[in-house]
Structure formats: structure tokens, C-alpha cells
Amino acid sequence: MLKAAVLGATGMVGQIFIQLLNRHPWFEVSAVAASERSTGLKYSEVAKWKLPTPIPEDVADLEVLEINPKEVKDVDLVFSALPADVAEKAEEDFAKAGCVVVSNASSHRMDPDVPLLNPEANYDHISLIEQQRKKRKWSGAIVTNANCSTAVLSLPLKPIDTEFGIKRVIVSTMQALSGAGYPGVASLDIVDNVIPFIQNEEEKMQRETQKILGAPSKPASFEVSASCHRVAALDGHLEAVFVELKHEAEPESVVDAFERFVGEPQKLELPTAPPKPIVVRREEDRPQTRLDRMEGRGMSVVVGRVRNDPVMKGVKFIALGHNTIRGAAGCGILNAECLKAKKYI
Amino acid sequence: MLKAAVLGATGMVGQIFIQLLNRHPWFEVSAVAASERSTGLKYSEVAKWKLPTPIPEDVADLEVLEINPKEVKDVDLVFSALPADVAEKAEEDFAKAGCVVVSNASSHRMDPDVPLLNPEANYDHISLIEQQRKKRKWSGAIVTNANCSTAVLSLPLKPIDTEFGIKRVIVSTMQALSGAGYPGVASLDIVDNVIPFIQNEEEKMQRETQKILGAPSKPASFEVSASCHRVAALDGHLEAVFVELKHEAEPESVVDAFERFVGEPQKLELPTAPPKPIVVRREEDRPQTRLDRMEGRGMSVVVGRVRNDPVMKGVKFIALGHNTIRGAAGCGILNAECLKAKKYI
Amino acid sequence: MLKAAVLGATGMVGQIFIQLLNRHPWFEVSAVAASERSTGLKYSEVAKWKLPTPIPEDVADLEVLEINPKEVKDVDLVFSALPADVAEKAEEDFAKAGCVVVSNASSHRMDPDVPLLNPEANYDHISLIEQQRKKRKWSGAIVTNANCSTAVLSLPLKPIDTEFGIKRVIVSTMQALSGAGYPGVASLDIVDNVIPFIQNEEEKMQRETQKILGAPSKPASFEVSASCHRVAALDGHLEAVFVELKHEAEPESVVDAFERFVGEPQKLELPTAPPKPIVVRREEDRPQTRLDRMEGRGMSVVVGRVRNDPVMKGVKFIALGHNTIRGAAGCGILNAECLKAKKYI
Amino acid sequence: MLKAAVLGATGMVGQIFIQLLNRHPWFEVSAVAASERSTGLKYSEVAKWKLPTPIPEDVADLEVLEINPKEVKDVDLVFSALPADVAEKAEEDFAKAGCVVVSNASSHRMDPDVPLLNPEANYDHISLIEQQRKKRKWSGAIVTNANCSTAVLSLPLKPIDTEFGIKRVIVSTMQALSGAGYPGVASLDIVDNVIPFIQNEEEKMQRETQKILGAPSKPASFEVSASCHRVAALDGHLEAVFVELKHEAEPESVVDAFERFVGEPQKLELPTAPPKPIVVRREEDRPQTRLDRMEGRGMSVVVGRVRNDPVMKGVKFIALGHNTIRGAAGCGILNAECLKAKKYI
């Protein structure tokens, strides 16, 4: 078993990392770190645990450490669920100290030499680590996963781009509350309401999608325009996607491309890889947030309502994914599994 | 005072008609009609009244009549909140019998000789009545208002089209529960969920917007692609709109066009016309469904987040309107006021 | 494997029966029956399946049969999720035909010779079957589970009554939407709302609790007064319980009684019996509906906030249970397991 | 017009005070005070305004003052929406400085010489001011309104106690989100959930009800046991009330007592007094939170489902009131009107 630390372990994404790593066949959580407020105390005393399953017993008793590679020692890899402002420097410190950092933070996602991995879509970007190590003179490394709504969008765009060529993408999201962390969105702001704004989210979707779907060192040539909205669902981001295509395609061909699609994680049979990265629902009213978000244990993106769009000169469809699993901790763990497969861990 | 009948008076839109007509300066509800199940009984006995304000007293005691011009007599105009299947023939019967029918039903909206009015946007379409009467040999007439989500969309598109020219429109909606009537959406289907499907809604938005924003006898040349979704809000449809423009425009110019926009109803100072058909909010997180839906007593469309969209080669923004007021009964009443101003009633 | 039929298989409780029986170690669903509308068709074609897990494959293809012992043959037992009006006669027909009917319907619950089982509380009531068979001359039998809110209430009352004696009970419920079936509660009736009324529910809680906690042939001597309310939660009934005691008891003693409590199903290690029928949470703000409803795979009742109540001269506490599992299909299956243990199946 | 200051003006209750005082016939807001963070800035810049109606124009431009009688000068009365910890000393300072403080804070509610007013129930408690001034040597005074859930409970208990005598009361609440202020309850804690705990709320209901329904200097002889729960409604506290009576009463007599009930505010025709302090709904499923909370412009308590309770030896019923109006700012303003009627202002 490889020993893993979770940085930012008390927050919502930190909790999901710990929950998903419980009984993981390769990794075990051997250290947790969080902000000063919590250090020195037992994890179970400081984590305001918000998940229906209990805190895994061996983690509950861990002492919370300082976010510092001198304190967090003897680990084989580090999962970072740190807030962006803290992550920037802390992750570099860990990488410099020789750790492989698998991060959910946005700080380094757009660094040209840092892989931004949604591994079924761009497994080959792992190779950026070589460049990163050379340039930064690190023995460790930083690998990031995408922003939650980008993770959901980029998976179904991948086979479309491969098979039909994408010219541009318009996307409108209906995002879940857990995406804002805890306490996050106030209940008075969301009961009987929609909030048509999520700080920085549109910019992230636009640039991260391009990076993921491009070559390792060159963003995709097509552009994305996003409009992001918060709705009263607990988990699961649902997205209305309009795609202009280079080559005409019937909806049935696009569905077929979705269904045939597998990535390297499926071929390698990685433990967290869902059997199908993209699951197609054919009912006229699916995917639905609550009914479909746990597909592939939260790691599949579920698509539906694939239809012709003559206005967009392409297709439109609905995509849904679990924002804290495929869109955060689950993708991070899958990234770590890829790194192990590639012998970086 | 002019005497008005409400057809389909017991349903949700019928109830809103009755509520909004209470203390109307020009119209009073003197007759109510509904399906056979209710006829012969007092309105207050059969209407499962769902509004927080009580049933207006003079309507509560009305006997519910059959939906038939022979039964519904001595009225100056007829508001129709009938379901589409019943409306088709019934409205024709009333028009044939000499009544002016102001309808919220979809049955006749796309008839080339029937005005589909969102009056700030296309007041001049009233003139289609002449053609209608001539062709159908009616002394009465049918005038319709748009589908709820179309009513919200078409208002802000009007000044954009006038000032900058629209090439195409992509729209993604987040629609309220009251749009489905009562009982409508089951609670088990919407708590912690989004439903990405509303029967026929996308088709309606696409064709009705073109009709409204075209010349009386010719649809607009630009096309609309819609994706429609139901969310857990009670009232108010929020829409993410992406517009490709003929002529470049800075967001500030578009905001300016919104703010300068008034229609004939404002010039005529019609009782139900809001002071401003389009209200601009400048906060980064507005309009919000619950906070803004009652703007202009539910008759204004509130827009916000107007921003450049280089991908779409135009602008994107958020629009919000009250679906049962601007999107149904309120617009119907405003249409009737227009007809009176034009001496059709 | 014993072959089981599910009557009323297409409704919400029918679906839960089928879901919970999937991979059951003793029972397998070999027949499904429903109202005429569905007969002759495949189950997957007619069930509007509302659960996040898919329809078990072997059930999906079953032909839906008529609710009639002549059609539903070759089964070892019958689970009934029929509506009360249909259940009354249909269940008798099956029992007459020799079937053991394990019913969730209310029709026969209060029949003096029909066991109303919440088996950790009143396992000994099974013996009523003898009386029932004798009196009715049936080779089969009818055994019922309690109304959902009663199932949740009666479990924690059992050890309190045994150890301290109950004089009276006041209970106020906050019940989930799934308790009303599908489509059930309209979304417009529950978003931003509470409905303080559930048809017949208070009467059921009052009389069924007395029957369960009494001797097989004599209701308990204490009485229950209930006030029942519907809130915007999907699953899980939460109840505020005030108990007047015969013998004084400190909250800690009551907690202790809860924790020590096990019933016959635990002793027999029945497959559906939860490890602990009553789980105590000691946090000041638990149990909570969403966080705790799946405790014991939905079969445990979770209690908390046990506190002195000098006004009531006893204790007050919060109880929570899963209404479609412990309160319906799960309890039915546990009842069937008891019947098998007792050799009635 | 009398000049009023609002202390704690930026919080939720402060906002409601400002909204309700807009166009008040007797009082106008001439000063606003809040914590240091806001002082020196314009009210509209610092208040995160959460109400659908806009900030009243004359208040929007007020400079936010320090919470200090030396800063908040030239006012005829002071409304306090301060948090309890700040209120304790600050309100005393204002009273000492000669101001009449009408407070929503809990700090002084239980002081024996401070009136805790729900004025239809205990108008005569105003006389405690004499005692207060004498004892504390103040030229000003402090008058408080009850905790929100107590305000709703104590109104209907008043006529019951007067006419039939109360022996004890059991109450279980379903309380709205706005009761926790803003941001208050996290959305992740309440969607698809009930929280059976509100800090200090049960104690407040128990002791404040006794004080209100007692003589000015002596609490009522009956006791109250409360269980308090938070549900996903925006405004409006719904309460299930069980009352043991001294004298037997049929539900119809209790309804009759409710309907005949008026208090001094109604007799004096005070501007904020609702026509009926208690409104009875006779439908089996009313009052409902969203439909009934605005009755009497939020100042009436709506009751329903009055039924015999043989277990409790009395009656049980449902009560509903608007927590930020009758339960906070509205009651405070009504209290101020009473003080003016009594010439204390």
C-alpha cells in the first residue's frame, strides 16, 4: 500500500478524498494536514464531517498536521484539496521536497508545464511532468485535475472532437451546491431561486477545456463560451452543450461515438476508472441530476438528448457529472492511479 | 367597465387571470367557464385555488359555465386559459360568434393570420386581425400571447435586433415549476434535481421568437436554438442567452439599448404596462429568480450580466421574467389593453 | 431460493420491494402483478422506475400479471404493495388460495387476528396466524407491517415501555415526500412550504402503535396523540416524541435502554435485520433526515436529543427512520424472514 | 413624524425594520447604526440587502453610525436588531441616555422589570416601565418583543387560557430559514433535510411564553415543553400545539374564542395591528407556511386543524406566523406604536 497525505483534509473536497480512499486497493491515507486552526488536534475533532458515511476509523484518529513538507513526511504522494490561495506556494514546496502532488486546486492548472488531466481525455499530457521537472528542478511534481464543470464538459467533447472536429462550443451550466464547499451557498439564497453567477467559473471552463482538449503544449484551436448558474441540487453539475462541428454528424453518430469511447484508464483497468467514461441515456428526460449523478460510482459523465442543431451547425446535448467525484476528488484519485501506472509514484 | 369571461378559469393560468383582473380599471370578470366537471357549480367550490391572495369575492360566487359561446354571453371579451387541445376549436367558436378572444393557448399562435403579441416587441402585428377576419369571415378575432419562455426571451432580443441586428440566438432556460401548471411536476421529481426536458418547449421558443420578431407576415430571418430545463423554483424563468450580432456591439451599448427601450404600451400608458419593459441589474449576480421576478409587478423582464462573447461573435446575458404574468396571463391582459386602445374591443 | 410475487409492483413501494429483494439470500422475485392497465406487458415497459439503481435484470423482463391467485401461481409467498382499496379483497383471495401474504397495505392491519408486525417490537404477535387460520379457514395467511410513521415511532417506544412504563405519548412528525407515493405531493405544494396534514395518518399512528406495543390480542393501555406534517425531504420521517413515564427515568437511562435493545430478528441474524434496531446519536443536532436515514441500510431507527421533560413528566427525544424501508418494504421483507424462521413459509 | 434609529441595521432583522418602517404613518428612519466594520459608509454600500423590494431611498444614503448614544442623536426612539451579546450593554446605554429602546434582542427579555410584549396578549405589561425606570434610574426604557417562535405560540394560547384555563402545553415547531439570519443555515444542511435543533430556542419558548401569559410581575402557572426543528421554508414558523385544559372545551368553542379575540392594538387601531390577531382557516390542510404567512401583512397568526385531544385532555391545533414580521420587526414596531399610544414616546 502506498501512503498518501491529504492537504486541506477538513474541507468538503478533503472529506471526499478521505471517503473515496477508504478501502482503496493501492493508496491509504496516512497523514492529514489543514490550516493552523486545526493542527495538533485529532481529525475527528476538527472535521465538521458532512457525509452520510462515517469518518473512516483509521483517519478519525490521525493528528492534523501543518501544511508543510517538513511535517507531512514519509508519504508516497500528496492529494491537495487546498484553497487556491494557499495551494499556490504549498504545492510547490511539496513538489520541491520531492513529493508528487495530485491537486484539485486551480493555482497551477494553467501553468504550461503542469498536466491538467481528465485522463480519459488527455492521458498523454502526463508527459508534461518531464518538462516540469527539468524546468523547475523538482524531484517531485504537480499534477492537477480540472475545475468541476470543466471535467464534466471535456469528457463528452473529446470523442466529438476526435471524430467530427469541433469549431466552437457554447455551454450553460446548472451547478450543484456542493461545488461551493461548506458552508458555501446560504440556504436563503437558493430555496426557490437560481443564482446566475459563480465566481471565475466561466473563465475556468473556457480556458481549462481548451488546455485539456489540446496537445500537451498547445491548447485546442476551438473556443468555449460558458454561462454558469447555481441551482438547488446537492451534487451533480448538469450542462446544456451546443457544439459547432467541422464535419456534419447525425445525432446517432455522436451517440455512437460516445458509446464507443474508452480511455487509457479503462484499458489499464485502473481501480477508480468507471467501466464507461460516458454513459448515454436514451429517455427524453435524462440525464437528471439526482438520478444519474452516481453513475459509474460518480466517475461517469452521463449524456442524453443528443439532437441536431441546425442553428449551431452541429449538435446539442445534455451532460451531467458528479462535481465532487468526477469533478474533484474522484478525478484526483484516478490521476494518481495513472501516475502510478506510469511509474511516477 | 368591459365585461370579460375567463375560459379555463379553474386552472393555474385561469386563476392568475382572475387575480390580475381583480380591480382592473377597464375589465371585470363577469363569467367563468371550465370543463364539464365543474359546470353548474360555484367557482369557489371547484377552483382548487393555489394563490396566497384570496379568490376575489365577486368571482367566487360566479356559476361556472360551459365552454361555449351560447352559454358565455354578454361579454365584451374572452380570455382563454384553455389547454391546447380544447382551445383549438373552442376559441374559433367564440371568434365566429363575434367575440374577441385573447388567448394564452398555443393552438393558434402559429396561424399566419393570428397575431402572436408581446406588445412592446411587435405591437404592429395587431393588424393581422384584419386579414384574419377577412379570411375567416369572423366578426370576432383571436389574438395570442407567446409561450412563457418565449415572452421572456423576445423582449430583450427586440432592441438588440433593432440596433445591432441578430444573426442567431442560443438560449438555455432554467424554468419554474408553475410553468407546468398544477399539479404539474411531482415533488419527488424536482427536490435535489434538475429535469432537462420540457415537452415541446424548445420548438415553441424557436418558432414563436421568430414570428414575434419578424414582420407581421414574415418571420425574422435569424434562428433560435433552445435547450429547456426545469429547476426547483416556484415562479420565474431564467434564461442564459447567447446572441451573434450583425454589427459589433460593446456590452455597454447593449445595456444602453435595453434601458432606452420602450414600446407602444408604455407610450399609451396602458394599465398593465410596466414602467420599463426591460430592467437592467448591474450586480454581478443578478437577476435572480426569486428576487427579481416581481419587477414591474411581474411584467418587466430583468436582464443582467451583459458581457462580450467573442466565441459567439456577439454578446451573452441573463434574462428573467415571471412566467405566469409576463409569460401568460399578464401578457394576455396587456394584449387586451392594446386591443382596446386600437378599438378592437 | 423461495419464489416471491410482488403485488402492486409498479408503484413506489412495489419498486422498493423489488430493489431490496434483488440479491436477497432467501427470496427471489419470480412474479409481478399490477392493475389491469399494465397486465400482459413487460415490467420494464410499464414501471415508471424512480430509483437511482436500475431495474434488476431478471425482473425487468417479467410479464406483469393480473392481481389474482389464479394468475400468480407457483410462488412461496406474496408481498403486497397494493393500495388499500384493492388490497382488502385481493389479499384475502390469496390467503384463501393458500398463499402467505406479507402486506404493506393498511386494509387488514387492525383486524384482531392479523399480526401487525414491527418484529423487533412484537415478534410474538406472529402467533395470531394460528387464530387467523382457524377462524378464517385459510391455509395461507395475511401478515402486515405498520404504517411508515408508526414503524419509526414504535421501535424506540418498545424498550421505554418495557423498562420504564409508558403512560402516554405525544408525537409530531415531519414526513418525507416519498410517503405519499408517486406522483404524490405536487412540487408547487411543497417548495418553501410545510403541509400540516396527511390523510388518515394521525389515526393510523394512534391505533397501530397501541396494537404493536400491546399483547397479541390486546392493545397497549397507553394512548398516543399525533400531529402529522409533510416537509420537503425525499425520504425519512423525523418525529418529535414526548413520553409520559410510569417510572421516572434519567435521559441517560433511556439512552442506555435504546442501546441495549435488540429483538428476535437480531438474535436470529435474519438477513434484513440491522445490527442495531435503534441507533443513538449523541450530537446535539442529530438525527438529521438526509444524513441518518440510511443507517442500518434503512432498517435502523436513529434517535437523538434524549432529554428530560418535566412538563410531560417523562422524556422527549427525536426519532428518524426511512419510511419506504423500515416503514414499508424493508419491514415487509423482515417480516417474511421472521415467517420463514417460524416455518410459516 | 417621530424620528427612529435602527441599531443593527445591516442584518436581516434590521433590514425588515427598515422595510416595514418605509411609509410608516408615525415613524421615519433617520439614523442607522451597525458594527464598526460598516461605520462611516453609506447604508446602501454596506447592507447586503436581501429583500425583493429595494432599499427605501432616504435610508439608502444614510451614513452608518457607531452603536453609541453619543453618535445616534436626535431620535425619538430606537429599534434594536442587535445580536444578543452586543445588545446587552448597548441597549442599557441608550436607555440610560434617555432613549426608549424597542428591542428584538433576547438580552433583556427575561429581566423582571422589562416588558416582554406581544401586545394583543399582554398590553398591560407595559406598566413594568415604571418599575424599570424607578429601579434603574433611567429616563429612557427598554421594551422587548418575544423570540419568533414564542410570538407565534403565545397569541393563540392567550384566548385559550382566558376562556378555558391552560394546564400545560407541548409544542413542536417547523421553523423557517430566515429565523437563523443571513447567511445562517447552509444550503447543504437543509436541501432534502430537517435539522432537529435550534440553539437555545426550546428554552426561550418555554420561559418567554410563561412570562408573556403571566401577570406583569409573575409568570403564568402553566408550563411549556418545546421541540424545535428547522425545515426548508424561507419564512414562517409552523407549530403543532397540544394543550391540556383546566376546563373541557369542544374544538368549536376554541375556534370561537380565536375568532372573537382582539387585543388593545386592534381597539386602538394602531397602524401595524392586523384586523384580526388570530385568523382561523377551516380547510383540513391549512395553515400552510407559504400560503398563509403574509396574513394580516405578516402580523396575524393563522391557526387551523383545531381538534379534540383526549390523550392530552384538551385540544391540539396548528399555528403559523411570519417569523421576521410578527416574530421580530413587525412586533417591535407594533410595540413602539403601543408605547406612543401610552405616551412613552
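As written, the chains take the letters A, B, C and D, and residue 1 is the first residue of each chain.
Operating definition for what follows: a residue touches a chain if its C-beta (ideal position, glycine included) is under 8 Å from a C-beta of that chain, and two chains touch if they have at least 3 such contacts.
Predicted, not measured: the structure shown is a model, and the values here were computed from it.
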Relative to chain D, chain with the most remote C-alpha centre: A
Interface with more contacting C-beta pairs, comparing A-D to A-B: A-B
For chain A paired with chain B, centre-to-centre distance based on mean C-alpha positions, whole Å: 41
CA centroid of chain A to CA centroid of chain D, Å: 47
Multi-partner residues of chain A (each touching 2 or more other chains): 189, 191-192, 232-234, 290-291
In the complex, chain D residues that touch chain C: 168-170, 172, 174, 189, 192-197, 206, 223-225, 227, 229, 231-234, 238, 240, 242, 284-291, 304-305, 309-312, 316, 318
Residues of chain A defined as touching chain D within the complex: 50, 177-178, 182-192, 232-234
In the complex with chain D, residue positions of chain B that touch it: 52, 191-192, 290-292, 294
